[in-house]
Amino acid sequence: MKGIRYGWILLIAVAFFTATICYPSISISADTIKIGVVGPRTGSAAATGTAFAEGIDLALDYINGKGGLLGKKVEVVFEDTGGVPEKGVAAVEKLVNRDKVPLVVGTSHSSVGIAISEQANRYKTPFIIAESWADEITSKNYKYIFRAGPCNTGVVSEIIKWLKAEGFKKASLVAENTDWGLGIKKLTVEALKEANIEFQTIDTERNSKDHYTELSKIMKYDPEIILAFVYGFGVHYFIAQANEVGLTPKAIIFEGAGPPSLWPQFWENVGDAGNLECFISSMHKSAQPNQVAKDYWDNYVKKFGKEPSDYKSRSIYRVLLIAFDAIEKANSLDGDKLVDALEKSNVTVPSGQVNFGTEKGSVWYHQFQPPMLIIQWQDRQQTVIFPENVATGKLIRE
Amino acid sequence: MNSLFFMYLTNGIVMGIIFALSALGVSLIVGIMNVINFAHGELYIFAGYISYILSVKLGISFYFAIPIAILTIFIIGILIEESLIKPTYGNDMYSLIITFILSIVLQNFALLVFGPFPNKPPNWISGATNMFGLFRYGNQRLVSCLAAIGIIIIVFLLIKKTWFGKTIRAVSQDRETASLMGIDTSKVNMLSFGLGCAIAGAAGVVLAPIFPVTPLAGVEISLIAFIILVIGGMGSLWGCIIGGLIIGIVQSFGAAYISSGYKDIFGFIILILVLFIRPSGLFGRKAL
Amino acid sequence: MLKSKYILGLFILAIFLSFPIYIGKYWLHVSIISLFYVMMASSWNLLAGYTGQVSFAHAAFAGIGAYVSGIIAIKLNIPPTIGLFIGAGIASLFGLGLGMLCIKMGGIYLSLTTLAFSEIIRLIITNEYELTRGTMGLEVPNLIGFYSKTIYFYIMIAVSIIFLLIIYKIIKSDLGTSFRAISNDELAANSLGINVIRVRIVAFVISSAMAGFAGALFGHYLLLITPDISSLSQMFLILAMTIIGGMGSFFGPIIGAFFLETLSEYIRIYGEYHVLIFGIVALIIARFAPSGLDGIYQEKISPKMAKS
Amino acid sequence: MILKATGISKSFGGLIALKNVDFHINSGEILGLIGPNGAGKTTIFNVLTGIYHPEQGNIDFNGEDISKYRPFEICHKGIARTFQVTRAFLDMSCLENVLVGIIGNNPNLSPAEKKSEAIKYLEFVGLKNSVDTQAKNLTLVGKKRLELARALSTHPKLLLLDEVLSGLNTTEMREACDLINIILDKFGITIFWVEHVMSAIMEVSGRIIVLDHGEKIAEGLPKDIANNAEVIEAYLGESDA
């Protein structure tokens, strides 16, 4: 034994210490207002992170074009969650304690949304959720947690309305085995029972590639519609293989997450099997409820030279607009004042006029549900088929 | 016994053959070099990406895209062997660690270059076949499965019948003697590592139309390959085929009759059973 | 000479202990995470570096410890302070079972089987939704009853020091000599009367108990445990830290853990490149300096300092 | 008689390495084992030390059948060995190398006793000045000496030496042969050795057995073996090939 080499420990201690001191320092009273955004930039839903980045760009262009907030320029710190709760918590840890952001928005996984809302509420930092659908997030009735995006209950009631309107009698319910999948499955099961629609349920893996086993069970059941709650590439394989085994186009597939049906590789992966597939979305070119939505669309096309691929970029745009408005109205960066301002929010965003529920005791507390659309791919064109007031066509069945 | 049962069985066999092909390259390398190639799955997906780019982006017919993709992976394999594996000879653990790190690097590289979306080369054939009037089965799957069988046969012939095959079998049985007999073992290593990677590439090319590649898809391929390796016995090619079939069939029936959420776990359970009953694997040479 | 070393040691300890005063909440959080990785990497190093068994189940054992401690705290109301030990105990039992199953088959089998085992654990945690709440993550109670980063930092420091002392004692003992003999030449060690399988299983059990304890401790800090704790990407971090710091060296994993965690803060802005950069650094070190930063220090820097 | 092996057979996947081999070792003798390449000499050692288990036959060591024991158990019973290709623990010092043998057999000694014991053996083999040297920095002779010290440190009753002389020059060979004689005289350890260097083994061994193609073809005093027609033929056959 040559004795402990203290040199090393000293080096670690000093190096670590210096690292903390030298870290590009963030001035708290700087001339910018920082807003925290969290979203999956890596991992299996990294596509959503890319969409978020686009929405952030547009929102910053908009607000800084107007001269910023409280006389300062606005800046966004976009932290990665990787779609993993721990990373989400770590991201909030950094945003709140290092970047000292007054408010955080974003996220798209239920699990991450739930974890972050615990953390944000603990730090008394307002958090506006864009795309985590789990009911639990708002039904906990946390003071600092808001959601300006779909919640499972809202989505399911929309889907059931549509099923009833079309008169479907027999459904297969396929759900991924995650919180979102299991949560939405539970709600759908209850709603289907209430609506007197006969159904079977099947669990699947989000990124599973081979669905023949599940599909043969569905074949045997012979449903009119298959409700697939799978938020991942798995659903592409599912759609393609459903066609191979002859399940579609006899039965209609409804994809209940939305973005997977709009991902750029959708048609490459599913081929003609994608025709007549239905999915849920909160955005469509033809269904622009107001000027803000139209501006968003035009600016997007102008900036990126293409149409938005899915609605996630608009979701983050939406919550950022709400956040800007709240800071302006509160005229402060204080958490409690921001909560007050958010509760009174009536700003117009692309999905309509924001109005957060303030009555405690249900999922609707601090919840703003943007209207959802049901869209069908008809000859590779999106046709809005529900609700009727914005529909551009009718459901086509074989 | 009903049509569902035959459907599960057919799918199990098809998936089994596909799994066997996915594991073949890794098994070959272990048998000859005693090196586990953790980056196996990543080479598989790279081949898938190359064939995707060639056929979709550059519009090259898949008859050309396939050999180009396989050849590229062969060359990449040789480069990996020469630059990273060679210095670790004699230290199995280090080669394991290096290829593990390499697999993480390649995954993240793929994520950066190709993005997170799945990429799918066009189907070779469309439609589905009615199997014995019982159920419909995708044509592309059947064709890919036939191609997989073809590749497996070619690999077997290469190893059992050719001069190169004899050489690598000699090296895998007794490296020292082989080298005394004038065989350049480091060249054999290089070529057989390249060959193992090329088989991974071939698997990627054949399977990408059914299972589009994503940056992380390789992990699953590697895991299945490793399970088959242990079940079948390290370095045994027949073990690889039988192990693949067992996993394919068990997964298919397990998902059907037990739980599809636990689909991936059935393979692991078999692995543990095999370790209990016959630790050297079904076709393994008995360990010392 | 000896005395001055002690003074230096105390001085260094004082620097560490005064961290909470200087470095602010966020870096304190980073230090706590670093200390978790110090425990994980050091205990993995005991196994991989000293006995030459590359296990991929280390993160899985941390997961077992964290979930066991968390679940019994929630369902049975067992205080986390006791839960930590139960978690570590269960992890070591799994380690014993897994060790008995595959250690006699030798190196590659161990690696592949532990890899499979870690996937099993991840799948079970993900699928046993009722018990573990799947990917949503399990919210677990705080270890000390209230939330204080400073106190947690001191707990982590204390446990890390205890872990490191245990590891140091082991590697300097006869057991440690046997470890190294086995990793150098298993057959020769066996022929010299060392019960190789038993020694390996002992190493495996000790290191899995440590991983279980560290995992449980970390879970009660994060207040949230998800299947990610036992994922392969966690395993990669542990491995990369050990390799970069220096495998088979006592200080290697400590250096590696702090180095990588700090680096990770600096390259955070490059989000997507993050893991790629880690991987490339680890690959270069593994290829060109297999003894890691500690090896470089000992070969290049230490002799020069001794001369001057 | 310290060891008696009867009917030992061992094959590797169809290749027969040992076929029904019988032999015995008398207490306090030096028994030599010779034979052409691939005759099965090292396999015998591996069978005796439990690295392989024979398919048939038993090995009686001091009245106990050891054919099913594992290597470390056989070591505990009192059989130690060296290896044809040296297998020193390269990343450990000479002292630590020898300590492994002591730890494996005498774990209850105090650390100081272990150390002094280890140094005693290192001194005996002439590595007194290399106690803290890393084994990888030793010369081939040094490694062979280290292996010998390591084997002795396990307190064997029977020592198996596998081609200790290969690669040594004449002086070193002389020293090694002396050492072997001293081991027998001073420690009273019976020696069974495999050797290729015919002159040395003929001179040092009291008795010799000859293997060819896994079978024992001769046994006897060195001078008889040297004139045995079958042995000569076996060796001639080798030189033809």
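Labels A, B, C and D are assigned to the chains in the order they are written; within every chain, residues are numbered from 1.
Throughout what follows, contacts are C-beta pairs under 8 Å (C-beta built on N, C-alpha and C of every residue); 3 or more make two chains touch, one makes a residue touch a chain.
All values derive from a computational prediction rather than experimental measurement.
Farthest chain from subunit B, judged by C-alpha centroids: D.
Between A-C and C-D, more contacting C-beta pairs join the chains of A-C. Chain geometry summary: the mean Cα position of subunit A and that of subunit D are 72 Å apart.
Centre-to-centre separation between subunit A and subunit C, using Cα means, comes to 35 Å. In terms of their C-alpha centroids, the spacing between subunit C and subunit D amounts to 42 Å. Contact with two or more other chains is made by residues 111, 259, 261, 264 of subunit B.
Touching of two or more other chains is recorded for residues 42, 46, 177 of subunit A. Among the residues of subunit C, those touching two or more other chains are numbered 127, 272, 275. Listed in rising order, the residues of subunit D touching subunit C in the complex are 49, 51, 70-72, 75-76, 80-81, 83, 87-92, 96-97, 99-101, 103-105, 107, 114, 150-151, 154. Across the complex, subunit B is touched by residues 42-47, 50, 177, 202-205, 207-210, 212-214, 216-217, 219-220, 233, 236-237, 241, 243-246, 263-265, 268-269, 271-272 of subunit A. The touching residues of subunit C, when paired with subunit B in their complex, are 48, 52, 54, 56, 101-102, 104-109, 111-113, 115-117, 119-120, 123-124, 127, 232-233, 236, 239-240, 243, 272-273, 275-276, 278-280, 282-283, 286-287, 290.
Across the complex, subunit B meets subunit C through its residues 30, 34, 36, 83-84, 87, 92-94, 96-98, 100-102, 104-105, 108-109, 111-112, 219, 223, 226-227, 229-230, 234, 259, 261-262, 264-265, 267-268, 271-272, 275-276, 279-280, 287. Of all residues in subunit C, only 5, 8-9, 12, 15-16, 19, 22-27, 29-31, 33-34, 126-127, 129, 133-137, 139, 147, 172, 222-224, 226, 228-229, 251, 254-255, 258, 262, 265-266, 268, 271-272, 274-275, 294, 297, 302, 305 touch subunit A in the complex they form.
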